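To keep things clear, I will list the structure first and then write my remarks on it.
Chain IDs A, B and C follow the sequence of writing; residue 1 opens each chain.
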């Protein structure tokens, strides 16, 4: 059944691609909108070969990584503090409640005022948009850590900091990982958006610019590259979190 | 998340931050050009011209959001329930789903501009595309996780496949579908505002970006406040509807935990 | 003509190594209209598989099932199955009343008459006053009563029951047995019940088919001549009851 299921799927895909190719070649579809699949793939290969797409991807990745890791570095500790200490939680609850409903893309104009079109602008936008999944999942994860576990550690005379490092963090790790995974896909979305709205490089800019210059095959090639990037990042994350969380 | 009715510490911190913003911003003329004091943002909100523009753009954004979100929900629930129910149907779409899923949905915007031009149809189309994913995947998952006994119950009562889908599978998968709908809500708002910024002529996303370019930061912040309120209101409405519609689930959780 | 015929029914499963295991081997029996028949056998003897075949939920590998002389190749319209796992079979999103109404809706009945009928059935299974409760608010025994009322609302000619009282406590079980007998008397529905409890099978039925462990087959058919109405004290205490119980027990024990 499993084998049959994959076969059906692959056949559907091949059929769809063949249909795309033939309608494009026969001139049935507007070539401006749907260039032949073969042309898109040729263009994809050429852009990889020339180093154009890898360069754009690297630019985007650099921004994404900076914003993402910055957010993790700030919001995991903050989430732990808010999860452990109700006072900290209550103090910040309303500020968070007020900022959270802001759709991240509208922060782009603000960031543009502060940072212009520099990398810092994109990094800030990613940092802001990753904040909520990481923060809220960390708080939840820390709160659901079994109190008995914490008390056990303390009866063994573990100091507070050690308890947090060796007991609370590992126990909350699966949920923190969930937050980090959600943030990963948000990061990719926001890096593309911020490059579309205010940038002169990066994969998001590349795709939008290709559309504006009516290099439609290049636009689709950029989308393929982006999908591949998304897939690879997600798989890499799953691989790493499996190793670090011992298969959980 | 604990919902505290009254939180004086939280309010105090919030007020202190606003006050700090006010004084810091007031103290420097340079800073005001990109971080005007909250009082000026508030004044902008009260200015009839700005208020009218915000009101009109709010409705445009809301209408696009509603159109995109509701179409996405209808399509994704229908397809998701069908694909979750029939492994055979799923087998045909699995590879296509797996290929499209990892692409950040905003990348579809240039394609939509190309096919649909600039306007409502384009914004709604990209919103539908992006918002449909979480609903679709959750609906497939939800239907797959239905206890076979439940489906067999429908069958032994002589129900046909369509009625089992509607009367058994759909309500049984409702909690999962609700999760998908909840995840999609902010995504839809993100896509509407993004599309308005990238290729819009109106709407809150366009307004905010336009005011930034016109060097009216106080109007820009007023726009952000309005869009945040919109997001907040939409979320509250969603939670209220969900709590009513899935009231039966609340107790189920308790009884399972017991 | 018997209402339900099971003729030389066999069912085998093939596992991953494509070896097939026989779950049911050549079972035949008949159920007359209005009869109460029990199938008794040790746990894991394929009783559930047998009922699923009869209910048209899974196809048999060989043999034939017929209801009113019509061969069963899909869930037949005049037969309904009550599952052992009432908590998994009840619709959690429907109230008690609405769950029972489902049986009527499935028959295409709705409106005030259907509502009245559903209330009537809820009263008959002893759940008056719980119409607006959700299943999770009820105890296990009460949930199974809802499942039975829902099945009866469908007005089946044959009611199949798979270990209906297998997941409730002993006291509730006796109560439910008597509730079922009085419903049966009132409505005249034909009942085929599967159980691993020998005494329950004898107490309830007119006729007991004793099944062997896998592959399932009929070892013996025992008529139950005990007088009705039956009572938990008098009937179960009667020497004839003990005799039947011992006979069936020996038959199953010998087989093992």
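Simple rule for what comes next: contacts are C-beta pairs under 8 Å (C-beta built on N, C-alpha and C of every residue); 3 or more make two chains touch, one makes a residue touch a chain.
These numbers were taken from a predicted model, which means no experiment stands behind them.
Greatest Cα centroid separation from chain C: this falls to A. Distance from each chain's C-alpha mean to the overall C-alpha mean is smallest for B.
One simple way to say how far apart two chains are is to compare their mean CA positions; for chain A and chain B this gives 17 Å. Chain geometry summary: the mean Cα position of chain B and that of chain C are 48 Å apart. Averaged C-alpha coordinates put the centre of chain A at 54 Å from the centre of chain C. Along chain B, no residue makes contact with two or more other chains.
Within the complex formed with chain B, the residues of chain A that make contact are 1, 4-6, 8-13, 16, 32-33, 87, 90-95, 98-99, 101-110, 112-114, 136, 139-140, 185, 188-189, 192-193, 196-197, 204, 207-208, 210-211, 216, 219-220, 222-223, 226-228, 230-231, 234. Chain C meets chain B in the complex at residues 52, 55-57, 75-77, 79-81, 83, 85, 88-89, 91-94, 102-103, 105-107, 134, 136-137, 154. Residue ranges of chain B in contact with chain A, taken from their complex: 1, 4, 7, 9-11, 13-14, 17, 33-35, 87-88, 90-96, 99-100, 102-111, 113-115, 186, 189-190, 193-194, 197-198, 204-205, 208-209, 211-212, 217, 220-221, 223-224, 227-232, 235. Those residues of chain B whose C-beta lies close enough to touch chain C in the complex are 147, 149-150, 152-153, 155-159, 167-168, 171-172, 174, 246, 248-249, 251-252, 254-255.
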